[in-house]
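Next come the structures, one after another.
In what follows, chain A forms one complex with chain B and a second complex with chain C.
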Partner chain A sequence: MNIQEFIENFAAQLDETDEALITPETQFKQLDEWSSLTALSIIAMVDDEYDVIVKGNDIINSDTIQDLFDAVKSKRKPGAD
Partner chain B sequence: MGNDYNPFSLEGKNILVTGASSGIGEAVAIKCALMGAGVAVTGRNVERLKAVYDQLEDAPFRAQITADLTVAEDLERLVAALPPLDGAVLCAGNSTTLPLQFGSREKFDDMFNVNFFAPVELLRLMYKKKILNKGASVVLIASIGGTHSFMPGNGVYGASKASLNAVMKYAAREFASRRVRVNSICPGMVDTPLIHRGTITEEQLVEDAKRYPLGRYGRPEDVAYGAIYLLSDASSWLTGHDLVIDGGFSI
Partner chain C sequence: MSQLTINNVRIAGMSACVPATVEDNRTLPIYKDESEALKVITSTGIERHHKVDEGTTASDLTVKAVERLLTDLGWAPEDVDIFAYVCTSRDYIAPQTSCILQDRLKLRNDCCVFDLPFGCSGWVYGMSIVGSLMSHGTLKRAILVAAETNTLNRNPRDTAVRPLFGDAATATALEFDPDRSHPMNFMFGVDGSGYDAVWAPYGGMRRPVTPEALVEKEVAPGVFRRGIDMIVNGMDVFGFAIKQPPRSLKELISTFNIDTDTVDLLLLHQANRFIDEKIRKAIKIPPERTPYCLEEYGNVTSASIPLTMVSRCSERLAGDDKHCIACGFGVGLAWASMEFYAGGVKCSDMITY
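Here is the complex of A and B:
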């Protein structure tokens, strides 16, 4: 899994934010459109795309997209790239 | 009037409780026994089911049957083991919090298998095989989700419970010929292991509970007391009803 693809998958869950503004450093919970439904969509996206179950607390404990990426990566099954 | 006046008594009734190994079903089983019923409990987890069974020691009749209700052979084995019943409370179920755009057929199937097909098949077989005595009462645990409340992320779950409520009403009409009553309870959020899975954080749950007019989430016994009413002869003239027990949330 690589960060660029993760950012694309993340950005696909947003409706208002300009995709070009999303970077590994983006503090996603500060986005105007961030809501509990966005959080649920991110959790579902990570399950679909990476076969990883993240919890609400993983979202809370991540400030930036990089943080969340690292959290997902650390939970991946061994061998899944 | 004697002190033993109690129109809600379950004495002389034998009642099946599914999902009895946890949460709402556990409370229903224990409270039904306290109200005088004989109780058959079923669930998947052997240890937790036994722990509940052990608390039914004063019940005039008790039985425990381990079964996964989504597995056809298990369901058949359960049905074959059942004594004649005067009541059944079908609590076994699961939930998922998933935005609709992620609600694939697979996700819907998972939810419908346990929340819809399993209780509907059990209900069908209990009626067809005349396990339900004349005048028996069946209580399906549905939810406010899908009929009274439409919170984002609850669509897949809510659809399974709305479908269950629909079958409840048809069964109430059809089974009335044997005076078998069929009702449902639609709880709001109840504090059981089901809601502590981490998709929703504990902080979010605390905030959400504040939106309930009566100031808190439900307790398993809040639902169990409703089930006792629906099982008892006090509700003999009630069928096809979905009883909302939600601290006022859906008003």
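Here is the complex of A and C:
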């Protein structure tokens, strides 16, 4: 998995935010449209795309998209990439 | 894998009772405007739920549901050999609510009566336990209740749960039938490491009720809870619910060689539409074979599956045998899947308390 593709998948879950503004450093929970429902669609996206179940704490402990990417990557099955 | 097959037991009838008071999610006072409410409705599929008035308990709804079912089936209270009460919102800490219900329902003193304190997986677990007892052949008629008053054990100022959960009681009548050709098949599952994904931290023996546990606190913006209130950690429950139920149903399908093309009804615990649709698509059952009642009643935990059957499938269940698969999943974290056939089932009309 790579960060650019992760950002694209992440941005696809958002309705109001310009994808061009999303970077690895974006603090996603500070986005205007971020809500508990956005969190659920991110969890579903990560399950679909990466076969990883993100815990509530992974989201709570991640500030940036890079943080979340790292958390997902660390949970991937060996050899998944 | 823990699996179970039960022979010679059939569903004879079902009933459901909901309280008269309805809370519409569009007009809940917890949202800043209607568009916020509509967002929640769109993603969960839950438009409203029924809510008990102060002083009414799950056992009160249960009495109505059971009395109607016995009448509609032509069963006398003394015909009932087993009475099982799946419920976590019990009347008292002690005794078990089922004991009190034995007296209220005029069941026999030698009836086999017990509580099963399961949540969302409870109807499926209850079917396996009651069905097993009956399969020996001496206990011929049973009533399995799945009832809950979710609005009483959650905080009304908890925006995370108020729009989602409702109250209901259901009764399922089971009958020993030595000529029954279709078995009921079960798969079980549990992951206690997720015990705090859905839980009430205070009020048990580990954390007794203290004055502190009764103080309401704002734990997140707009989310108020007391220590004794039921907590639902939405993200953790969601992650569990999109993963484990499809896996459990796939295990059921492969273990018992189920041809999913022959499945007439996929009966899912009514968690929310987003979760349930993911499960449905994962095992490739078409929408017209997957009934929902959550738009009207919300998540009623253990009562979800039987309430769906009574409120949405009564005509289909009254006819020939329908091939059904069901999955209950939630608090525990616990889940269970089952395969069964249901036909000639007498579903009572919906009852309002």
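The criterion applied here is as follows: the second predicted complex is superposed on the first by the 81 of 81 C-alpha atoms of A that agree within 3 Å, B and C clash if a C-alpha of one lies under 4 Å from a C-alpha of the other, contacts with A are read in each partner's own complex, and residues count from 1 in each chain.
One rule holds for everything that comes next: a contact is a pair of C-beta atoms (placed from the backbone, for glycine too) under 8 Å apart; a residue touches a chain by one contact, two chains touch by 3 or more.
Just so it is clear, the model here is predicted, and its values are computed rather than measured.
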item	value
Touched partner set for A:Ser74, first chain B, second chain C, both or neither	neither
Partner chain(s) touched by A:Gln30 [first = chain B, second = chain C, both, neither]	neither
Touching partner for A:Asn2 - first (chain B), second (chain C), both, neither	neither
Touching partner for A:Ile43 - first (chain B), second (chain C), both, neither	both
Common interface residues of chain A - those touching chain B in one complex and chain C in the other	36-37, 40, 43-44, 47, 55-56
In the complex with chain C, residue positions of chain A that touch it	35-37, 39-40, 43-44, 47, 53-56, 59
Contact set on chain C toward chain A in their complex	39-40, 43, 160, 233-236, 238-240, 242-243, 274, 278
Chain B-touching residues of chain A, taken from the complex the two chains share	36-37, 40-41, 43-45, 47-48, 55-57, 60
Residue numbers on chain B that touch chain A, as the complex places them	97-99, 101-102, 152-153, 198-201, 203-204
